[in-house]
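Each of the next two complexes has chain A plus one other chain: chain B in the first, chain C in the second.
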Partner chain A sequence: MNLSVALSSAQSALSATSTQSSIISRNISGAADPGYSRKMGLTSSMGLGGVKVVSVGRTADTALHARMLEANSGASAQQALLQGFETLARTVDDPQLNQSVSASLGRLTDALQMQAESPGDPVLGAATLSTAYDLTRTLNNAAQTAQGARAEADAAMADSVDRINGLLTRFENTNRAIVLGTQSGTDVSDELDTRDRILTELSQEVGISTITRAGNDMVIYTDSGVTLFEKSARVISFNRTFAYDAGTTGAAVFADGVPLTGAGASMGIKSGALHGHATLRDEVAPQYQLQLDEIARGLVHAFGEPAPGGAPGIFIDPGPAGPGLAARIGVSPDVDPALGGDLGRLRDGVTVNFNPAGDAAFSDRIYAMLEALEVPQGFDPATGINPNTTLSRFASSSVSWLEAGRQQASQEASFRDTMLERTRESLSNVTGVNLDEELALMMELERSYGASARIISTVDTMLQSLLAATR
Partner chain B sequence: MKTSFVSTQAIADSTRMSMIRMQGELAKASKELSSGRLADIGLGLGSRTGHAVQLRHELSQLETIRDTNGLVQSRLDTAQAALKGLLGTAEDFMGTLVAMRDGAIAGSAIKPQADLNLKELSGALNANLNGQFLFSGINTDVKPMASYEADPPSAPKLALDAAFTAEFGFAQDDPAVATVDPATMQAFLDGAYSDLFLDDAQWEGSWSDASSRNVRSRIATNELIETSANANERPFRQLAMAYTAISDLGLGELGRGASQAVVDKAIASVSEAIQGLTSVKARLGVSQNRVTAADERLSIQRDIINQQIVDLENVDPYETATKVNSLMTQVEMSYSLTARIRQLSLLKFT
Partner chain C sequence: MSIYGTMRTGVSGMAAQANRIGVVADNMANVNTTGYKRSSTQFSSFILNSQAGSYNSGGVETHVRQHVTQQGAMQYTTSTTDLAVNGNGFFVVSDAGGTPFLTRAGSFVPDGEGKLINAGGFQLMGYPLADGDPNVVVNSMAGLEPVNITQNALEATPSTEGVFGANLPSNANIVPAGTLPSDNVVGSVFEAKSSLVAYDNLGNEVVLDVYFTKTAANEWEVSAFDQADAAPGGGFPYGAGPLDSQTLIFDPANGRLDGASPNGLTIAVPDGQALAIDLSAMTQVAADYTVMRADVNGNAPSAVRGVEFSSDGTLYAVFENGDRRATHRVPLADVRSPDNLIATAGNVYAVGIDSGDVTMGFPAEGGMGTMVTSAVEQSNVDLADELTNMIEAQRGYQANSKVFQTGSDLLEVLVNLKR
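Up next, the complex of A and B:
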């Protein structure tokens, strides 16, 4: 050992300390960034006692990160679904406000009961007609809301697909930089952060799982196993549908030609906003529409007049036949004076005249209508609610179905959110920065820098004394 | 190394997240406290929301039926009052007739009373409530009874004149009526004259425009009952028959035997009519009772349903108040905690 070795090892310590303090300052600046993971300088000693920062390490927890991605996908899927349910629930609102189809039907029943007491009174007839119009309007609006929710979900899916494609392209660049950097041994820790950040954003749109291969190369699959990225980004394609009615089937989302959503998708995704929107568009809203259609059909049926082959009553289907009756159903023009009809037909029958004598207080037809509403009818079991019940109970069951779905989606969403928060917190605790710790480290470095500087100045003094002695 | 590591971000986030959650709950709880109902009924009740909607539907149906029952009740009351008047008049007339047969009152003295009674009969049967004729059956927009007027001759008067002339060959005011023998008169009274009133086609052709079908009312969700009487019912016809007999069969001119037959016929008709009216009144009385009973049932049901809605939708105000208080304390605590955590930094001490 000699003085020059002491000098050079103090010098190497100085440079190692400054590298480490630069890492600390990076950590401090990243402290507020949730996607930043703590970096560490890995030092090793060189021969003859010097030290050197050989590489920059990065705290990471792959298992926790994967769980965080999963929680993120689950939370955003439930959020998307909940949003859709909220839209559909606008058709019900607070029961006190009596805005639902069921409440509208109740108003019609009440108006008929009133009219039956004085069937010839045109004022009461007009009241019945206006409640009948109110009921058809409520049904039409509800159907429109259901289809509007589908169109919104479709637009959200298109946005989501755009975002996924953008993220995959960014991922491709970052991943290439990481692979190259890893091969050449440069510091890729910031790129790794970026890659994780992209994955986090991606998991919001679609549920993913990742595999890291040799050389830090990453492969992304959807949670159903369809490849989204391997060496290069796969193209996610989706054809937007702009106008929805009950007969429209939304287009599926494809990754490299493999369907990710829709009834025919054997490898359909299970989480992420994309999944939430697709579920709403392809399952929830169509089922609600079917329930509304069945209410409309039940209404036409209950008010239909007893004649061979059945004759239309107050409510008519203007056609063409097909799904989406709730959007079409209308009041027969035969009972509307404004359309050339006659209010008296509410009392006497629309197609069949039950009151040939023209008696003013003829109430048989009105009572028959009221009775028909109390008779259980058969409904399509595909609606998911009691298929054999009275019209008004069917309508209120539909409300129950909807609100139960909303409640469940809301509870699930808040559970998923909490789970996401917890995982994020644990992940942040493992990979995040603690300012106090960094400051403490900084002080340590300050001390060691001072000590190294002191050695240099001491060696300098010693060398000076040596030189002075030999002069 | 360290056993458990906490990142600065996690420390800051922990209070932030719980703050957001608590503030959301606070907003919800204070809304519930002010309205007394669940903040979001659908979210709170879930699958029971339909039940709440159905209950409201049933409630409004009950209210409407109670409203219409009020109308039914007032119709029945009015009809009962009219019938009571008719019954009283018929009983008085019966007394007069009996006195007359016993010879205590002259035949000519009773004619004005019969005329008046006939007017009262058509007046009472033409009673009208809110524009609806009470005794028209379901044909409520048409006056049920024609009034028996001599000038200009009304339809029933013309029919009677024609029948009389066909039987005897002269009109009622002809002096020749004095020649009518009691047997012919009796045959006329039991034959053509009775048919004028008791034959449906003749009665409805001249006297009545009412429908024989009574008004039906739905007084409970599953109870449909008849709630009117109509002018075609037998007691009204018998009253008309008795009053007309005294009023317009030339009683003053008839011989003793024939006039005795007319008075006997009138007595028989009125006495049957009194019985008949009583049973019509009883029938309407039964309807009134059923409406009252239905109303009572409806109001009990209404109370139960109201209670059910309250049970479903309302919140316990004490529980909510306690919740608001504890949430406020928590939020305040969270605020001061956040402020103190912010203070906690090594920077302050170096």
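Up next, the complex of A and C:
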């Protein structure tokens, strides 16, 4: 060891310390960024002549990050589902206004009972007609809302697919930079942060799992195992359906040629906003639509003449036959004076005349209708509601079904959100920047820098005294 | 004894010290020259025959010693083409005329033609790896060529091998024959699918669809298709049958592949090479389909983005897509007596009779030192040593000049005896 070596060692220590200081300043500036992970300068002494920052390390916890991605996907799926439930709940919301089908049905029953007291009163007849119109309008609106919710979900899926494709393209660029940087030994820690951020955004749209290969190359699969990214981004395709009615089946989202959503998806995704929207579009909203259709069908059935289910009564299906009766159901024009009908037919029967004598106090038909409402009917078990029940019970069960679904989605969403928060917190505790630690390290570096500088000045003094000896 | 002789002795002493000063000056001038090895002066006495009663003063002879084997300190740099040797050995360089030399000065930079040139203007020599491992002749520099880091053509590597490992859900439904993926019919049923990117001879990306279908208890069919043949929108039926299809048999005792089962796919990549995909890591346990490993070699055409040396002397070209390919291997040369090499301008040494013959080897092999990248070896000159030598030489010169002066004075006395 001689003086020149001492000088060059001190010099290398200075440059290592300054590199480390710059890393600390990066850490401090990234302290407030949740996607930033703490960086460290890894130093190594090599042979004669000091120290060197060999590489920039980065704190990471892959297991925790994977948990965070999973929680994120779960939370956003529930959030999307909750949003859909809330749209559907608009059909039953606001108990003051009593806009639900069940309430309208109740008002019709009340109006019929009033009319039964004095069947010949045209004012009461008009009131019954108005409540009947009210009921059909409510059903029509509810069906429209349900289909609107599906169209909205469809649009949200299209947005989600666009975002996924965009994120995968960004991922491709970042991944390439990381692979390249890793191979050539440059500092890729910032790109790794970016890649994790993209994964976090991606997990919001769709549940994912990842594998890291040689050279820091990453492969992304959905939570069901469909390839999303492997060397290059796979195409995620989706054909939007703009208008929905009860008979419409929305198109499936395809990734790498495999359907991710829909009934035929053998590798269907299990979480992410895309999953939430697809569940709403393909399961929840169609089921609600089916319930509305069954209510409408039950109405037409109960008011049929002469026995329930016979010739059309007050409520008619203008056709064509098929799913989506709730959207079509109307009031028979035969009872509406405005359409050339006769209000008296409410009392006497629409198709069949039950009161051939024209008795003004004839109330048998009205009572028969009221009774028919209280007779249990066989509803479609696919509605998910007790199928053997009366129309009014069925209608109120539908409301409960919706509310229960909404409540469950809301609870699940808040649970998932909490879980996500907790996971994020743990991840931040592990990989985040601790300012105290950074400042302590900074002081340590300051001392070390000072010591190295002192070595240089000491060697300088020594050489100075030697030079002074040469005259 | 003669006064003339004494004066000559003084002159020879002065000349010796002048030599020493000269060596010190050279050392000090090269205190920051990369790879410079300091020299020092050794003196030997030159004595004339003397008889009793009469002394014939002789003189002093100067020998210059080179301290080539003394290691210099490493100075780390940010250039990946800066090299240093830690331990024995020299880089082989050649001048523009092709004459080989040895050097420790490793601050190489690419010139306009892509050759790596050090500060002395010498180009780095290495073995090309284009045709496989180099044939090293241990005692000769045959086979070496200037290392060139530019690449004139974009290069693609077709895929030849890959690995795929995943878990197949043991409780999956059994798919009857007739609708298996290998039947390639509309509505072929599969349990799981993954795709892998492979490269053909020209570096086109070929996406391979790999389907897994349970055909019987513990038996799975695996079929690979070219995604380009897929039906519009993806999936079955493909325009052509499977590239390969195998039936994997799993051991019900542990869920791993049975010993008798095929454990790989051999896929003829369209317009490419035969690609062997190792499936031996596949498992079948009661869990969801999960991919554990997936990798296929090969790369798309890509330009060289940079080069990097590894510590064993291999020069890798780093492609824009991140792949690396070894292009040259830089050897180290050593001689029996490095201190007796003939120093030539430009920090290089020529092999001479005194140094012994050259021995070729690779870094960290057979007694050679290791190669350190992104570092250069500083000169092994120590300023303090040189300054003290200088002071010593100065005093020695002064003393010798006094001898000369005294001789001159004596002669003057002698001359003045006669008036």
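Criterion: the second predicted complex is superposed on the first by the 461 of 471 C-alpha atoms of A that agree within 3 Å, B and C clash if a C-alpha of one lies under 4 Å from a C-alpha of the other, contacts with A are read in each partner's own complex, and residues count from 1 in each chain.
Methods note: a contact is a pair of C-beta atoms (placed from the backbone, for glycine too) under 8 Å apart; a residue touches a chain by one contact, two chains touch by 3 or more.
None of these values were measured; they are calculated from a predicted model.
Visitor: Quick check on the superposition: with chain A as the shared anchor, is it clash or fit for chain B versus chain C?
Guide: After superposition on chain A, which the two structures share, chain B sits beside chain C with no clash.
Visitor: Contact-wise, after the overlay, does A:Ser203 reach chain B, chain C, both or neither (first, second, both, neither)?
Guide: Neither partner.
Visitor: Once the shared chain is lined up, is A:Val433 touching chain B (first), chain C (second), both, or neither of them?
Guide: It touches chain B, and chain C stays clear.
Visitor: Mind working out whether A:Lys52 is in touch with chain B, chain C, both or neither, as first, second, both or neither?
Guide: Touch status of A:Lys52: second partner only.
Visitor: Touching A:Thr279, do we find chain B (first), chain C (second), both, or neither?
Guide: A:Thr279 sits against neither chain B nor chain C.
Visitor: Quick check for you: in the superposed arrangement, does A:Ser189 touch first (chain B), second (chain C), both or neither?
Guide: neither
Visitor: In the overlay, answer first, second, both or neither for which of chain B and chain C A:Thr248 touches.
Guide: Neither: A:Thr248 stays clear of chain B and chain C.
Visitor: In the three-chain superposition, say which chain, chain B or chain C, touches more residues of chain A.
Guide: Per-residue touch count on chain A favours B.
Visitor: Looking at A:Thr136, would you say it contacts chain B, chain C, both, or neither? Reply first, second, both or neither.
Guide: Neither partner.
Visitor: Just to be sure I read the superposition right, which of the two partners does A:Ser224 touch: chain B = first, chain C = second, or both, or neither?
Guide: Second partner only.
Visitor: Look at A:Thr383 in the shared chain and tell me whether it touches chain B only, chain C only, both, or neither; answer first, second, both or neither.
Guide: Neither chain B nor chain C is touched by A:Thr383.
Visitor: Of all C-alpha distances between chain B and chain C after superposition, which is the least, in Å?
Guide: 29
Visitor: Any idea which chain A residues touch chain C in the complex?
Guide: Those in contact with chain C are residues 2-5, 8-9, 11-12, 15, 46-50, 52, 176, 179-180, 182-185, 209, 211, 213-215, 217, 219, 221, 224-227, 230-232, 234, 237, 254, 256-258, 266-267, 462-463, 466-467, 469-470.
Visitor: Along chain A, where are the residues that touch chain B in the complex?
Guide: Chain A residues touching chain B: 31-32, 34, 38, 89, 92, 94-96, 98, 100, 102-103, 105-107, 109-110, 113-114, 116-118, 120-121, 357, 359-364, 367, 370, 374, 392-393, 395-404, 406-408, 410, 421, 424-425, 428-437, 439-440, 443.
Visitor: Given the complex with chain A, which residues does chain B contribute to the contact?
Guide: Residues of chain B touching chain A: 4-10, 13-14, 17, 37, 41-54, 56-57, 60-61, 63-65, 67-68, 71-72, 130-132, 136-142, 211, 213, 215-218, 221-222, 224, 313, 345-347, 350.
Visitor: Chain A touches which residues of chain C in the complex?
Guide: Checking each residue of chain C against chain A gives 31, 71-76, 80, 86, 166, 189-197, 205, 207, 209, 227, 230, 233-235, 288-295, 305-306, 308, 318, 320-324, 372, 375, 378, 381-385, 387-388, 390-391, 394.
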